[in-house]
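For reference, chains read A, B, C and D in written order, and residue numbers begin at 1 within each chain.
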Amino acid sequence: MDFFFGLLQIIGVHTILGLSAYVVLQTGQVTLAQAGFFSIGAYVSAMLTVLAGWHIVPALLVAATAAGIVAGIVGFPALRIKGLMLVVATIAFGEFIRLFWFNFDYQIEKKGIVVGPQGGEGFKQIRFFPENGWSTLDVAIFIWVIVALIMLALWWTDRSRAGAVLRAVGEDELAAQSVGINLTAVKVGAFAAGGFIAGIGGAIYAHYTTHIEHLNFGVMLATFAIAYPILGGLRNVFGTLVAVIFIQGFLVEGLRFMGDWRNLLFGALIVLAMNVQPRGLIDERSVRLVRGLFTRN
Amino acid sequence: MPILELTSLSKHFGGVRAVDELDLTVEEGEIFGLIGPNGSGKSTTVNLICGVLPVTSGQVVFEGRDITGRQPHRVLAAGVARTFQNIRLFGYLSVWQNLWVAQNSMEDRRRENFAKRWFFGSGAERDTVDEQLEFAGLIDKRNELAANLSFGEQRRLELARALAARPRLLLLDEPAAGMNLEEVQALDGRLRTLQQAGVTIVLVEHVMELVMGVTDRIAVLNFGRKIAEGLPAAIREDEAVQQAYLGGNVGTMHA
Amino acid sequence: MDWLDFFQSITDGLLFGSIYALIGIGFTLIFGVMHKINLAYGAASIAGAYVSIAVAAYVPLPALVTFLIAAIASGAIALLIYLANFRFIPLASPLATLMATVGMLILIDEVVVHATDGMPQPYPALFADIYIEWGDFGLRGDLIFIFVLSLIAMVVLMFMLYRTRLGIATRAVAQQPVAAQLAGISLDRTNALTFVITGLLGGLAGAMIGASVGVLSPLLVVPITVKGLIVCVIGGLGSIPGAIVAGLAVGAFENFFLAFRGVTERDMYVMLLLFVFLVFRPGGIFSRSVARD
Amino acid sequence: MLDSKLVRLGAVAALAVAASFGTQSEAFSAEKTVQIAGFGAKSGVVRSFGINTEAVLTGAIEAVNAAGGVKLADGSMAMMELTFYDDRCNAEEGISVLRRIAGSGAVVAIGPTCSNVAEPLFGILQKNVGDEGDSGLQIPVFTDTAIKGGLAKISQWAFRNVPNENQMYKSLFEWINSEHPDLKTVYGGVEEDFAHSRFTWHKVMKERSPEAGYEVLGESKWLLNDTNFTTQVRQMKKAKADIVAISAHPFTTCGVLKEMTRQRVKPKLLVGLTSSSSMETLQGCADQAEGIIIPTSFAPVTEAAKAAADAAAKYEGSADLHSAAAWEIVMILKQVMEAQGISADGDAVDADRRAIRDGLASLKETDGLLGKIQRTDEGEAVKPYLYVHAQAGQWAILHDPSQ
């Protein structure tokens, strides 16, 4: 059973990562900086639990806030640019953060061992969970409570006026401004919220892998962050969850029995999915389809 | 009393003077026509007023306050709303949501705190949206996606959306484009109703005939400059205007 | 600071930058015509180079022919990318296209890994044994060759775009898609041809990278994709002369910082260069004050 | 139309998921089997490592089974059975795979390939055996490939059979000193962003060579996926060192060697990273690598080593210093299982795992393909080693320090 709980943990963390991009994508901005914010959450929280001896919950909140602030700061220059320019700018920013950790060295001695982030060799022994006797199930529950809270908050936002405003900005910035929407506030807000959520994900990631290094937070992770909501569809938060289950549960874990053929299928299935369902797995049609299954008798 | 004053307003794109030293005064309560051939700078003028484009030089004064270079949402907050030449609705939002996001009048802002305004909308606000939809005659379509509306309905929705913030000045950028005669007449009626409700209207149009009946005063632009201003009847007879319209501007005749 | 080191690092970087320029042109051309990003472009470039050595393994070929095969193979792969990721996905779903090209990148990468077990493969080079030296200052013969070859490719491309029917059609589609269609230009065929052209350039770039390093590896894909995108933005989206200058500049810039700040910080400065451009010159090197989106 | 297709597609997908998760409770055969799990990277650029490990493991288990299998506590014989998983050299996947293994009937896990997977993996194991407060996984992991120094001490459940680079390079530099007393200086080249290569230069080569009497003149750094080494090699050229030590993986090692040839940098001696003593380097740049000296813990010089190499070749892999360790691991495990008397009973997996761990922890010396392997208290191995050098596209034995 531990394996399933472990898989649940992975799905949970990737859902958080995907949701962090979902918020930003709703405003029509394609961000590839989420891996960078994720890494801020990971490093900051790990430093707090390992070096300062904090409990995971405050560490997680502080780390997420830090990631959110950095993301908000990125949001300002990102206001001026759109489309491909924004994609490239956010890639560059994410990479910049990653390279920062690559060059970041800060260790102290604790209980006779030297701990802390160590540049290219990474940050090891982030063992808050096992050291405090959290079982795999405990961690999975902890993660899913957080996932549920985030999903609930975003689901609620989607249904509130804020959600409609986010989408309005995503569809037509000029029209949105002209009906009185403060573009700066909305975009920076979305970036900051996305960064905050990514920071939470990163904080959990650092603690359930126990070891982080800059290479974990590269362009591919950033790509997956936007892949989940795009593949799942931007219609609602459940699309992201479905896409994470599709990728992490099915493509990665489910197809493991295929051995080395798995990776080939991986790319091909993404291409296929986007051709068949360009608006994501959860779009108007598939929703109708599922509803039909339950009402047709 | 003037509600909108443009003082030597200019916009240059590189070497092109899209709007050149434009002076214009719109009186409170009137329906003001701004006409001119294609490319004469009408839409640019609207964009300058609304803060979509940065002004090269000159001033925009609304109700005695200088609003030059303000961001579009702040121009709206001041009381100026607009529609677009090519309809710009939020196509994947429902008709109802299109109006919902536009509830940005000063009263809305003052009445509700941040959380209530954005995340925990009140029933009163929902009622307001319904009322506005009713007024626009779109209440039956409230759950349709805006993209699925007919062309005329989209025009109506866009107008309703512009009115949602209760502006005192409304800039309509070619609202009649693509409408048939019947719809144009309906539009005329709607504009009169708005005028009676106290909204000042600037009607931007390049087909002269459409504005003659409904406007109180007209200004004519050509090559970014004002070439005539006055009562509709006078404009019709103006030689410079006729010259501008007939002088090789092919686009003038189609409606 | 030693002036010799300064000139040396800038010169080396400038020569190598011609490869970045080729990749940057590919991104910029597709963006210019379709207003889309093809993230699989870098992968297709490297894959083309792999095909060429696979062919060369059966038939002994001179290096130049190998490069040519790389270009052709990459052109074919680019066409495949067009069909799989652009042709059938509605224009209104740009995110789907973006994501599909990511899937394609992963797929191409993994096919290469499967074919070679991820092992580095030697790649032929021309003039690799020439090394020109003036005292402590030195120039790699193969890099000069690559530089010249890239310049020729760029000149040929410019000629095609500005002097041939195909090029005029391409530019027409880029500027006025609707009008171009009315004038009888097939959008579909023009788009497909644009992909093939970019593929040819990319394959050449892939071959040149292989030749300059001496080995090919799937590891090359992500870095050249990122660098290519950066070049494309610094040069100004859709601007071919911009991409050329930006490619050379990024090459020189990064090599300068490699020499004087070390490899761990090098790319941070490249990112900073990009941010500077985004803030102060969002339209790229040759922009006319007004920013495009 | 399309909708019904979608339904069918969904159904197929659901079945596939169910099938893949449901495979754990198969085998209700009459005979007992000892389940062994292997894992490593079979995707991405490090794919060849996983393929080699799997081939060697398959061959080794076949050899054990051909000799009758493993003797259990009750005196009966049981066959070994291997399941191999791909972890894609990704930390999260590695953890997931280990959890899957821990949830299966496997009594021991052999892997992983990458140091950056091994490090987090060992982190989720229980740190100290018997610590009730520590909820880490409790399954012995025996690593064949991931070589970055000092990892096994992370957990008492982690063991490695990888060569001790500190010892190998120390003795290599001492040997070079005695053979070529005229060489005085060393210059380093390091792939700076990869855990293993970085560690081996900074913590091993750079620290051990002065102990053997060398002066380290400096170092050039590059990254895993760099393409232009002109500047780095120029720095190297300026240093004019007698020995150039390159701590990098085959791809950049080849890139740098080729650049050195172009710039005519000819050190009197080249020293390479342990991991580069595989076929990859020679496939990438045999000419330029000619003469490079690398210490390795494997070469087909003994009967046992030849048998291992042949078995690997049979399953389309190759035995090198990494994968050959997997052969030794299987042999060590057989010995430990028999000494500890495991039951191979599906209900006593935990006890068997503990018994194997204790057995491994108490080992002081084991047999290896090249001779006796010493084991340290930290779960690491001290393996016999050889110096090989590249000669005409092959790795040839240069010197055997044990003789």
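One rule holds in what follows: a residue touches a chain if its C-beta (ideal position, glycine included) is under 8 Å from a C-beta of that chain, and two chains touch if they have at least 3 such contacts.
Note that this is a predicted model, so its numbers are computed, not measured.
Each step here moves to a touching chain, and the least such steps from subunit B to subunit D number 2. A summary of chain positions shows that the Cα centroid lying nearest the centre of all protein Cα atoms is that of chain A. Seen from the Cα centre of subunit C, the chain whose own Cα centre is farthest off is B. Centre to centre, using the average C-alpha position, subunit A and subunit C are separated by 30 Å.
Subunit C and subunit D, compared by their mean Cα positions, are separated by 36 Å. For this pair, subunit B with subunit C, the centres built from the Cα atoms lie 46 Å apart. For subunit C, residues that reach two or more other chains under the stated contact definition are 110, 113-114, 222, 264.
Contact with two or more other chains is made by residues 43-44, 47, 51, 192-193 of subunit D.
Looking at subunit A, residues 102, 120, 260, 263 sit in touch with two or more other chains.
Those residues of subunit B lying in contact with subunit A across their complex are 50, 52, 71-73, 76-77, 81-82, 84, 88-93, 97-98, 100-105, 117-121, 125, 161-162, 164-165. Contact residues on subunit A toward subunit D in their complex (touch as defined above): 1-7, 10, 102, 120-122, 124-127, 129-136, 138, 205, 208-216, 249-250, 252-257, 259-260, 262-263, 285-286, 289, 292-293. Contact residues of subunit A toward subunit B in the complex are 156-157, 160-162, 164-165, 167-168, 171-172, 174-184. Note for the complex: subunit D touches subunit C at residues 43-48, 51, 192-193, 221-232, 234, 250-251, 254-255, 258-259, 261-264, 279-280, 283-285, 288. Chain contact summary for the complex, subunit C toward subunit A: residues 31, 35, 37, 84-85, 88-90, 93, 95-100, 102-111, 113-114, 222, 225-226, 229-230, 232-233, 237, 264-265, 267-268, 270-272, 274-275, 278-279, 282, 291, 293.
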